[in-house]
Amino acid sequence: MEIRMLIGSIVTLIGAIFIFLGALGIVRMPDLYNRLQSGTKASTLGTILSIAGIGIINPAWAGKAFIIISFVMMTNPVSSHTLARGAHHLGIPLSKKTVIDKLKEAEANEKKEEQ
Amino acid sequence: MVVIILTIVLGLVMISMAVTALTAQRVRAAVLASGIVSLIASIIYLLLAAPDVAMTEAAIGSGLTTIIFFYVLNKIRRSDV
Amino acid sequence: MNLKNVIQIFILSYLTWLALNWSVNADVLITGAIISVLIAVLLCSHCEVLQEVRLSPKSFAYAFAFVGVFWIELIKSNFDVALRVLTPSLPINPGIVEVKTTLHSNIGKMLLANAITLTPGTLTVDILDDRMFIHWIDVTSTDINEATRAIVSKFEKYLEVMYG
Amino acid sequence: MEYLTLQNIGLVTGFLLILIGLYGALTQKNILRIIVAFTIFDAGLNLVIVALSYIKGRVAPIIDQTTGITNLSEKFVDPVPQALVLTSIVIGVGVTGVMLTFALRMFKTRQSLDINDFKETKW
Amino acid sequence: MVEIILYIAGGLILLGMLTALWRFVEGPSSADRIMAFDAMTVTSIALIALIAFFNNRIIYLDVALVYGLLSFTGVIVIARFLEKGL
Amino acid sequence: MYKNMFIIVLLAGLGILLGSFLLTHHANKALPELPAYYADKTASEVGAANVVTAVIVTYRGFDTLGEVTILFVAASLIAMFLKTSKAPKDRHPRPSSVILSTAQKLLFPLIVLFGVYVFTNGHLTPGGGFQGGAVIATGFLLLLMANPQAEFKHGLLNFIESISGTSYVIIGILGAILGLGFLDNRFMSLGELGTLFSAGAIPVIYSLIGLKVGAELSNILHHLNEVQNEA
């Protein structure tokens, strides 16, 4: 009983630490794509772990916690993918550290073929 | 006590976002800021023991209003929008 | 109107309904069945999304293995990115690389892209037929084949059995 | 220190939002920004009403295992203002939608979003 | 013991929200703002779950689900608005 | 200049008014008479676990009827404003990626199911017709996101809207004939408190409101999607 609640609260705490690190990444990273990497992904794992911890503490809440977790895991990658795709189409620049951009080359190639 | 501190922080965020909404350079940033005002309002509704209102604010006040705003902004493409 | 598709959507909705209500009273069961049938027949008779799923014992086993591998990768790479964020010099080497996938079904591609996106360090930016463009936080190779081996292969071998 | 209650914080935040929203609606020139200020005003008004209905130490007016079914009027916060605010939020989105489509029509006829360009009905 | 750990977790979550807010104010592009908005709303789901735990009401989790659903659709709409696909 | 002075004086006056209200008001220690009656009697009189839902649907049912009417008028106004400028389709939106369209197909039934859950459980958990309708409209919105030029079944939406609106009024009249007054929920059995089939007609009424609101909001979004781009 007591052990289970302790485990649940520690899982929640780990989730909160991941959320904080993700937010730190949002501020520190140099360009949008790297921010998406650290920011929304780490926040997603943090949220999942927090809710899982709450579900462990109260086993009666496990069903709803499971629904929320699977829902977040289904939707969050889709929204970050859509955002990254839109940003790249809009031409939001990558940082100076970037070594390669194959997508830009591919789009340039397609345009050349059309003409 | 913890709840009071949490509410104060959330209230300060709401007010600063409302000021941001009025001073933002582009309308889309203003709309996003007012969306954040509504989202945080729904957390404060939960703290004030009103889950029904919180759900309505999250679904209708924040979600649908922002979506309708962006549909209209999509029809008015100008440099300051 | 495809019977297999309708039955799959019905089972999915019914399980979701039971998990949402978290009770097995008769009224919950009956209402859920009626609502799930209505949704499956009226709204989803044309969305052929779960058609390509293969239903065999082997694919179920691989599904469990996929979930396990996915969670291990998720936690491992989260620690990796967290370390990068905490290091003062910010050791990143980002770039957008191209990889190839051998999956044909849409849902397999979507699951693969979602798994890649959810693991920090890699992010699916765009997908054109079987070419996927992935933003990689630490580019070790710009070659298509090597990037494919490093990013895609670990998930693909499970998804291939499940969705083809 | 006794002024620092949940209700008072909600009231102060709501009042400040009302003032900010009203100031924005009166001073902005762009129609879309006026509508944004109006939604902020709306949010502040609703927050004030809900904060007034809060009573310290009481719970949300929904019966379940944690509340029991006796002496409910000594455990619940006021449900009537909450129902009122629910109505107000739904009507708010209808009004905002109408305002936005009207702004769209105005933009289409005059290619301008400045409120000073529409003076025919001014008196 | 459990409650103290959860209070610390709540504090960290709030700090994360505020840090994301800084990125929202800072910009520089619209896409950055949307990303900060997304991170904030995902974080808020965890905050709502904690509030539900401290009030001991399972019904608050419904609010978290609606919140997540609407913020997801909002981010998709704004991203499609940016790439002119609306 | 005078206008700015006027605005500042107005806001300062309002600020002083609100501030003095804040300093003089006393927090309630107990519920007033009417809310106390609602809180005590809802379980036995109406049978709903959610007191707010009981107030909205039964005690203050006329307000909700008016609210639904206002939303209907708003939807009609939006349609009227946008329909007059119907032009040939000249929109070329950027197509969505495979990931979004596949995820939409998978999520759409689940979102609609969740909306139905929200409004059928309106008397037990927070939520109800308006929130559930908004969630269903979100599902349709996702459909539009994945394929902006999708052909919508306009007739079906209008049919659902009018049928559910009429049924709502008919149930209200049934309450007046069989029960005690217009929109009275006690002509169906109250059931056991806390189960799905309880609270008389409240789940039925809220489901009808949910369908109507969902159809109306989907219609609004569809009209906004169809109008052609300007400038």
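Order of writing sets the labels: A, B, C, D, E and F. Residues in every chain begin at 1.
One rule holds in what follows: a residue touches a chain if its C-beta (ideal position, glycine included) is under 8 Å from a C-beta of that chain, and two chains touch if they have at least 3 such contacts.
Treat the numbers as computed from the prediction; the structure is a model and nothing was measured.
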item: Most widely separated chain from subunit D, with each centre as the mean of CA atoms; value: C
item: Which of B-F and B-D has more C-beta contact pairs; value: B-D
item: Distance between the centres, which are taken as Cα means, of subunit E and subunit A, whole angstrom; value: 12
item: Subunit E and subunit F: spacing of chain centres that average the CA atoms, whole Å; value: 24
item: Centre-of-Cα separation between subunit E and subunit D, whole angstrom; value: 21
item: Rounded Å distance between subunit B and subunit C, as computed from the means of their C-alpha atoms; value: 32
item: Residue numbers of subunit F (touch at least two other chains); value: 50, 52, 94, 96-97, 99-100, 103, 106, 114, 118, 125-127, 130-131, 134-135, 138, 141, 220, 224-225, 227, 230-231
item: Where subunit D touches two or more other chains at once, by residue number; value: 5, 7, 12, 23, 59-62, 64, 82-83, 86, 90, 97, 101, 104, 107
item: Touching two or more other chains - residues of subunit A; value: 24, 36, 44, 60, 64, 67, 74-76, 78, 80-82, 85, 89
item: All chain pairs that touch each other; value: A-C, A-E, A-F, B-D, B-E, B-F, C-F, D-E, D-F, E-F
item: For the subunit C and subunit A complex, residues of the former touching the latter; value: 16, 19-20, 22, 74-75, 78, 81-82, 84-86, 90, 92-98, 113-114, 117-126, 128, 131, 133, 135, 137, 139, 142
item: Footprint of subunit D on subunit F - complex, ascending; value: 4, 7, 10-11, 14-15, 18-19, 22, 27-32, 34-40, 42-43, 49-52, 55-56, 60, 63-64, 67, 70-71, 73-75, 77-78, 81-82, 85, 124-126, 130, 193-194, 213, 220, 224, 227, 230-231
item: In the complex with subunit F, residue positions of subunit B that touch it; value: 51-52, 54-56, 59-60, 63-64, 67-68, 71-72, 74-78
item: Subunit F partner contacts - residues on subunit A that touch it in the complex; value: 74-75, 78, 81-82, 85, 89
item: For the subunit F and subunit B complex, residues of the former touching the latter; value: 50, 52-53, 118, 126-128, 130-131, 134-135, 137-138, 141, 217, 220-221, 224-225, 227, 229-231
